[in-house]
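Listed next: structures, encoded as C-alpha cells.
Two complexes come next, and they have one chain in common, chain A, joined by chain B in the first and chain C in the second.
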Partner chain A sequence: MTLPNAAPAALPAATAARSRRGRRPVNAAAPSHRGDARLAWVLITPSVIGFLVFAVYPTLRGIYFSFTDYHLLSAPTWIGFDNFVELIHDGTFWASLAVTVYFVVIAVALTLVIAIVTAAVLHRVTRSTVVRGLIILPFLISGVVAATVWSWMLDAQLGIVNSVIHAFGGQGIQFLTARQWAIPSIALIHVWKNMGYTSIILFAGLQTIPPSIYEAGRIDGASETSMFFRLTLPLLRPILALVVVLNVIGAFQVFDIVSVATRPPGGPANATNVLQMYIYKKGFGQFDFGYASTMSLALFAMLIIITFVQMRLLRASESDNA
Partner chain B sequence: MRKLRIIAGLVVAGLAAAGLAACSASGDAGGKVTVNWWTWDDRQAAAYKLCIPGFEKQNPDITVKISQYNVDDYFTKLTAGFVAGTAPDAFQNSVPLLGAYAGQKQIMPLDDLIKKTHYDLGQFSVGVDSWKYLDGKQYGIPLDWAGAAIYFNEDMITAAGYTDDDIQNMTWNPDDGGTFDKIVAHLTIDKNGVRGDEPGFDKNNVKTYGIGTLAAADFNGQTSWNPFVSTLGWRLGGDKKAWPTELPYGDPRLIKTLDYIKGLGDRGLMPKYGQFTVSAAEQMGAGSVAMAQDGTWTATSITKVPGIKVGIARTVKGPEGRSMISNSNANNIFVGTKHVDETWKWVSYMGSLACQTTAGKTATFLPSIAQALQSTVDAQKAEGIDLSTFVQALNDKELYPAPPTVNGQELTDTIQPEFEAFFNGEKDDSIFPQMQKQTQQILAKK
Partner chain C sequence: MSAAVAPSARPAARTRARTRRRTSPGRVVAWIYLAIVIGVTVFPFYWMLRSAFSNNYAMIADPSSPWPVGFTLGPFERVLGIASPQQSLAEGGSGASVPILHYLLNSIVYATLSTACMVFFSTIAAYAFARLQWRGRELVFSLFLAALMVPGILTLLPNFVLVKELGLLNTFAGMILPTALFSAFNIFFLRQFMLGLSDEVEEAALIDGASRLRVLFRLTIPMTSGPIVTLSILGFIGQWNDYFWPLLVTTDPSVQPLTLGLAVFKQSSPQSQPDWAGLMAATIVAALPMLVLFLAFGKRIVNSIGFSGIK
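The block that comes next holds the complex of A and B.
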C-alpha cells in the first residue's frame, strides 16, 4: 500500500523543483558566472552571521523566554502560557497599548500630512539640494539629543516655548508634565524628527511620475490642487504604502523620546507609558524578562498583523499608473 | 547550514571570550590583588578615595580601585556584571534592591566573615537591620544614613518676623497644620506683595511660596510627606520593621496627611506637583520658595547657594514627636569575587571609625557611626555650615529605618503613577485603600 501512494506523491515535488530551477535567470549558469556562488557566500557571510547572531537567535530566544519565568540572574523555568494569561489580565499593559495607539495615530497622521505637503512643495517649487538637505537634517540628529533639547524648550518653568507664550500674555502650558499635553508633545517631537526623512522618500517617489502627465492635466485645465488629489496621490500610492508602514512600525517602537523627555520616564501618572517603555521597565527595571518577552512577542504579532492589513488595504504592490 | 552554524558558533564564542577578557573584574597586578569597588555617587567616590592611602598602608598587598557610574546606569551595569561574572568585588547598594540581589544569590551573606574577624556591628547607630535578608543573615555593612531636613532662607524668615528657633520648633498636625501651617502661610507672598495669611491674597499669582512642594510620588515619601505622617505613628511597613506583607496606604492617618499636603498646593502656599522642574536649591536661589524640605544629602550644596543665607532645621514636631524614615546604603560583596578575604578587608575598613571619619568630613554623606557623624558636624562647622540638627536626629532616635521589601522596583513602578495621579488631581483619596491591596499582591510575589 505504501509504495504506490508514495511514488505519485514524490513526483509533483520533483517537478516543482525542476520548474524552480527552470525559472533561474539564464545568465546565472553562464560560463562567466561559474564559481561566483562561493564568492557570493564569502561576501554575504558577515551579513548572514550578523543577522543570525543579532536578529534570528535573539528572536527565537525571546520567544522561548516568553513561556518561562525568567529573572535574568537565575535559570528560566518553563511555565507554559502563564505569562500570556497574566498579559490578558494586566490593566497596565492595555493602558500602555492605548497610549501607544494614541501616539501612533497622532504621530503618523501628522508626519504624513506634513511630509506630503513638504514633498509636493519641494517637487513643484524648488529643486534645490540645499533645501532638501535642510529638511532631512532633524532626522540625522540622535533621538536622545532631539528629546533633550525639546524637553528643555518645552520645560514648564524655564522653557523658551513657555516664555514666548507668557510674552504674548498666555498661561504657561505643562507640555511634558500634564496628562492631556504629554502624548501630543511627545508626538510633536517625533514628527519634527521624522518628517524630513518621510518627505525625502515621498519626494523621490514624486520624481518617478512623468512630467507629461502634469502637462496633460494642465492642457485639460486642471488646477494644481486637483492635480495633486487626482494625479499625484494615486500615482504615489506604492511609495505612500511603504511610508505608512515604516512610520507605523517606527511610531509603535517609540522609546528614546519618552525615556529622555518625561520624568519619571512614562509619566506623569503613566500618561506616556508606551508599550516599549513598559516592556523596558518590566525587563530591565524589574528583571522580569519572561513577562517582558511575552509583551514583546505580543507587540511583534500586532505589528505583523497591522503591516499585513495595511499592505492589503493600500494594495501596495500596484499603482493606479497601470 | 551546519557549516554556517559552526561558523556562527565560533564567532559568538570568540566575541564572548574577547568581551570577558576585556572587562575582567579584578586581577593581580604585580603580585598585588586589586579590589574593585563601585558607587553611583561621584562625590562619595571622591570622599572614599581619601580612605585608600590608610587602607593600603595597612594592607600593602592590596590595591583598591574605585569606579563611579551615574545612578541611571549603575544598576543596569551591575546586573550585566552579575550575568557576565564581571561585577565588582564589592559595591554600594540601596535597600530596595537587597531582596532582588540576595534572593537571586548574587551577594554573599557576611556573617561568617564578621564572626571570623570579630567585626563589631554594634558600632553603627542606624542601618544594620535594613540589611538582613529573609534568611536572617547580614548581607550589607552600612555606609551612611539619609533622612530629611527643612532648609530655610534666613532673610525671608527675618523679614516675616520669625527667628531661627520658630523654624526649628515648628509643630504640625493634620487638622489645622499647627505652627507650620501658620508660618508657611505667612512666608508666602503673591505678586502684589500680599502674604498668604492676609486678605486679598492671590493664590494664582504667587511670587514666593512658603515651602517647596511636599507632593512627591516616591513610594516612601522620604523627603516629602513621610516626616509629617510619621509624627502620627504611621510606619511604611505597618507593624513590621522588615519584609512587610503590605504597605498601609489605606490608613486614615496617611490619607488625612496627604489630603492636608495636597491642600497646601490648592491654597497657593506650596508649588503644585510638576509646577517646578528645578531642584530645591535652585528654587531657593531664585527666591521662588522661602523654605524647602529636602534630603540630608543636599545640606552641603543647598547652604552654598550664592546670594542667600540658608539655615537648616529639624523636621516638624507632630502629635507623637518628630520622626522620619531613614535609608542606609550599604556595602555588598559579589558572590563571584575571586578575592573574598581581600574584599572583606576593604569593606570592613570602609565600615570603620577611621574611614568613616576621614571620608565623612566632606559631608557628602552622613556616617552611620555616631562618633564619625560628630566629626562630620565638627568639620562642617569650621566651614560655616551647622549640621548639628542631624546629630540631634540620630541621638534622639527620630529615625526609623526604611524596611527592606521584596520586589522594590515593581512597587515603585506601580505606586508612583498612583501618587502622581493623586497629586495632580486626576484621582482623589479613594485610591489609597486600593493601593494598599496592590502592595499586598506585589509583596506576596516570589
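The block that comes next holds the complex of A and C.
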C-alpha cells in the first residue's frame, strides 16, 4: 500500500517511466510510429557523432598512445610496455600518487562528514531555500576564483586567517608555502568549494524519506542521534554511494585549485604535485604525450577500480528501504 | 497512508512538530551549527568585496580591518583598464592591465554557445530515445549510458591531439566541440522526463496530421521546458567555470575565457606584495555573472541540484 514512492514527490518522472515502459511494446505497431526509425537516426546523429568522435575514439587512442613514444611533432612510434616500465620506476609518479591519495582522503572525508551533518541538520530544522542557497554559493564560482580568494585569506603574512590565529594567541601558519601545510590547505579550499553542493544532494535524498518514519521512531522513544544512525544513514545509502563515488572521482582529478593557489604550480617542491598536475606538466610542459597518456591510463584504471569497489562496499543498488 | 494523503498530512505534522520542538536545546545547537557553516561559506565572499574596495597599500598596512581600508573604486578601475598608470601605481597596482572585459566576453560566448548546443542536441536525442520506436534503441542508449560511468581523464589528451589535427586550436569551435554534441547525463535526464509525459496529447496531434517534428518542437519541448532550463543553468555554470580544457586548447588571449585570464593575472602577480585588491576586484568580475544568475534563479538552482543528484 505505501510504497516508498508515497513520500518522494521528487521522483514522479522515474516512477511514471517505469510504468510506461511496461506498456511500450503493445503499441509498437501503431501507425503513428511509421517512419520513426529514420527520424530517430536524424535526431540522434549529432549525439552519435559526438559520442564516437569525442568519447570512443579518444579513449581508444589514449590507450594506443600509452604504448608509444609520442612527442606531438612526429608520429607516435610503438614501444610496447616501455612507458609502463618507466612508470613503475618513476619516483616522481609514486610521490605524485601519494600526494593525490593524501589529498583525496582529507578532502573527501571532510566533505562527506560536514555535508552529511549539514544535510541532516537542514532536514530536521529548516526547509528554507535561502539557507540552502547560501550553502550552495561556492558551487557557483570557479575553482580559479575560489583558489584566488583563499590564497589571499591564507596568505602567511597578511591573510585574515592568520590574523585571527594571532588574535587568539596562536602561531601563524605558512598555509600554502610550507610543505606539510600545502596539501591540507588545498584540501580546505576544495572542501569549502564542494561541501555545499554535496550536502544539497544529500538533503534532496533525505527528503525522499517519509517523515512518518521519524514520527514512529520518536514514539518508540529514539533520540535524534540514534535516529540519525539507525534511520537516516541506512535509508540514505544509495544516494550516499553515488555521492562518495562522485566526490572521490572529482578529488582525484583536482587541478584548478592547485594550479592557481600554489607557487610554482604543484609546489612548494612538488608538495602538491597531484597526478593531474604531473600529467599536465609531462604532456604540455615536456610534450611527452606517450608517457602522459600512460599516466592518464593508470589514473583511469584506478578510478574504475575504486568506483567498482566502492559500489560493492556500499552496496549501492540496494537500499535498506522496505 | 496513501500517496494521495501524504502531501496533505505532512504540513499538519510539521506544524505540530515545530511547536513541540521550539524550545529544545538540540534545536538551538542545530541552528548554531548551521550559523557557523553559513558563516564559513559566506565569509570569503564578503572578504572579496571588502578587499576589492580597498586601497592596496593601505590594506597591507591594516590587513585585518573588517571594513574596506581607504575605500576606493581603484581596484575595479585597474582591472577594467580605465585607471591611469600613475593612479594605479599609487594605489598599489602593478601598472600592468588585464583585458578583463575581453575575457568576460569570451566566457559569455564560450559558455552560451556550448550550453545551447549541448542542451539542444541532448533534447532531440532524448526525444528519439523516449518517444520514437526504432530498432537498436535500447542498445544505443546503453552504450551512451556506459559513457556516463567512464571518467573523462583518458580522453583529454587525445581530444587535444584531435582538435589540433583539425586545426581548431585557439578557436571557439575547438573549445566547444567535445562537449557540445554529446552529453550522456543530459540525454538520460531528459529522457526520464519525456517518458513521464502523457502521450495522449501527442497522439491526438499526430492524428490531426501534425508531423513528428512539429510535435517535438510544439508539444514535447514546451512540456519539458522545466528540466531543459535546469540543465541549461547547470551546464552554463559548469562551462563558465571550466578551466582545464580551455587551458589545453587555447594560448591566444583573444579566445581565452575569464578563468584563464584570472589565473594568468594571479600567477603573474609579483610574489612579494601582489595587488590583492586588484585580484579581488577581478574575482568579483568573474563571479558576478554567476551571482546574478543565482539571484534570478536561486530557488531553481538549489532545487535542480538536489534533483539532478537523485536521478
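Annotations
Keep in mind that, in the parts below, the second predicted complex is superposed on the first by the 279 of 322 C-alpha atoms of A that agree within 3 Å, B and C clash if a C-alpha of one lies under 4 Å from a C-alpha of the other, contacts with A are read in each partner's own complex, and residues count from 1 in each chain.
Keep in mind that, in the parts below, a contact is a pair of C-beta atoms (placed from the backbone, for glycine too) under 8 Å apart; a residue touches a chain by one contact, two chains touch by 3 or more.
Just so we're clear, the structure is a prediction, and the values are computed from it rather than from any experiment.
Once the two complexes are overlaid on the shared chain, A:Q174 sits against chain B while remaining clear of chain C. Shared-chain residue A:Q286: touches chain B; no touch with chain C. Shared-chain residue A:N270: touches chain B; no touch with chain C.
Within the superposed three-chain model, A:I49 lies in touch with chain B and with chain C [touch as defined at top]. More residues of chain A are touched by C (comparison of chain B with chain C).
Applying the stated contact rule after C-alpha superposition, one finds that A:T118 touches chain C and leaves chain B untouched. Legend: residue contacts after superposition of the two complexes on their common chain; A:I249 is shown touching chain C, with no touch to chain B.
When both complexes are overlaid on chain A, the residue A:L158 reaches chain B and chain C alike.
By the document's definition of touching, of the two partners only chain C reaches A:V145; chain B does not. In the superposed model, A:F203 makes contact with chain C only, not with chain B.
For the contact definition in use here, the residues of chain A common to its chain B contact set and its chain C contact set are 48-49, 53, 72, 155, 157-158, 263, 284. Put simply, chain A touches chain B in their complex at residues 45, 48-49, 52-53, 71-74, 92, 155-158, 174, 177-179, 263-264, 266-270, 273, 281, 284-288.
Across the complex, chain B meets chain A through its residues 4, 7-8, 11-12, 76, 79, 82-83, 100, 104-106, 217, 274-278, 407, 409-410, 413-414, 416-418, 420-421, 424, 426.
Those residues of chain A that touch chain C in the complex are listed here as 1-2, 5-17, 20-21, 24, 28, 32-33, 35-37, 39-41, 43-44, 46-51, 53-55, 57-59, 61-63, 65, 72, 114, 117-118, 121-122, 124-126, 129, 131-153, 155, 157-160, 163-164, 167, 192, 195-197, 200-205, 207-208, 210-212, 215, 224, 239, 242-243, 249, 253, 255-256, 259-260, 263, 265, 276, 279, 283-284, 289, 292-293, 296-297, 299-300, 303-304, 307. Chain C makes touch with chain A in their complex at residues 1-3, 6-7, 10, 13-14, 26-27, 30-31, 33-34, 37-38, 40-42, 44-45, 47-48, 51, 60, 63-64, 121-122, 124-125, 127-129, 132-135, 137, 140, 143-144, 147, 149-151, 153-159, 161-162, 164, 177-178, 180-182, 184, 187, 192-193, 195-196, 203, 206-207, 212-213, 216, 237, 240-244, 248, 259, 262-263, 266-267, 271, 276, 279-280, 282-283, 286-287, 290-291, 293-294, 298-299, 301-303, 305-311.
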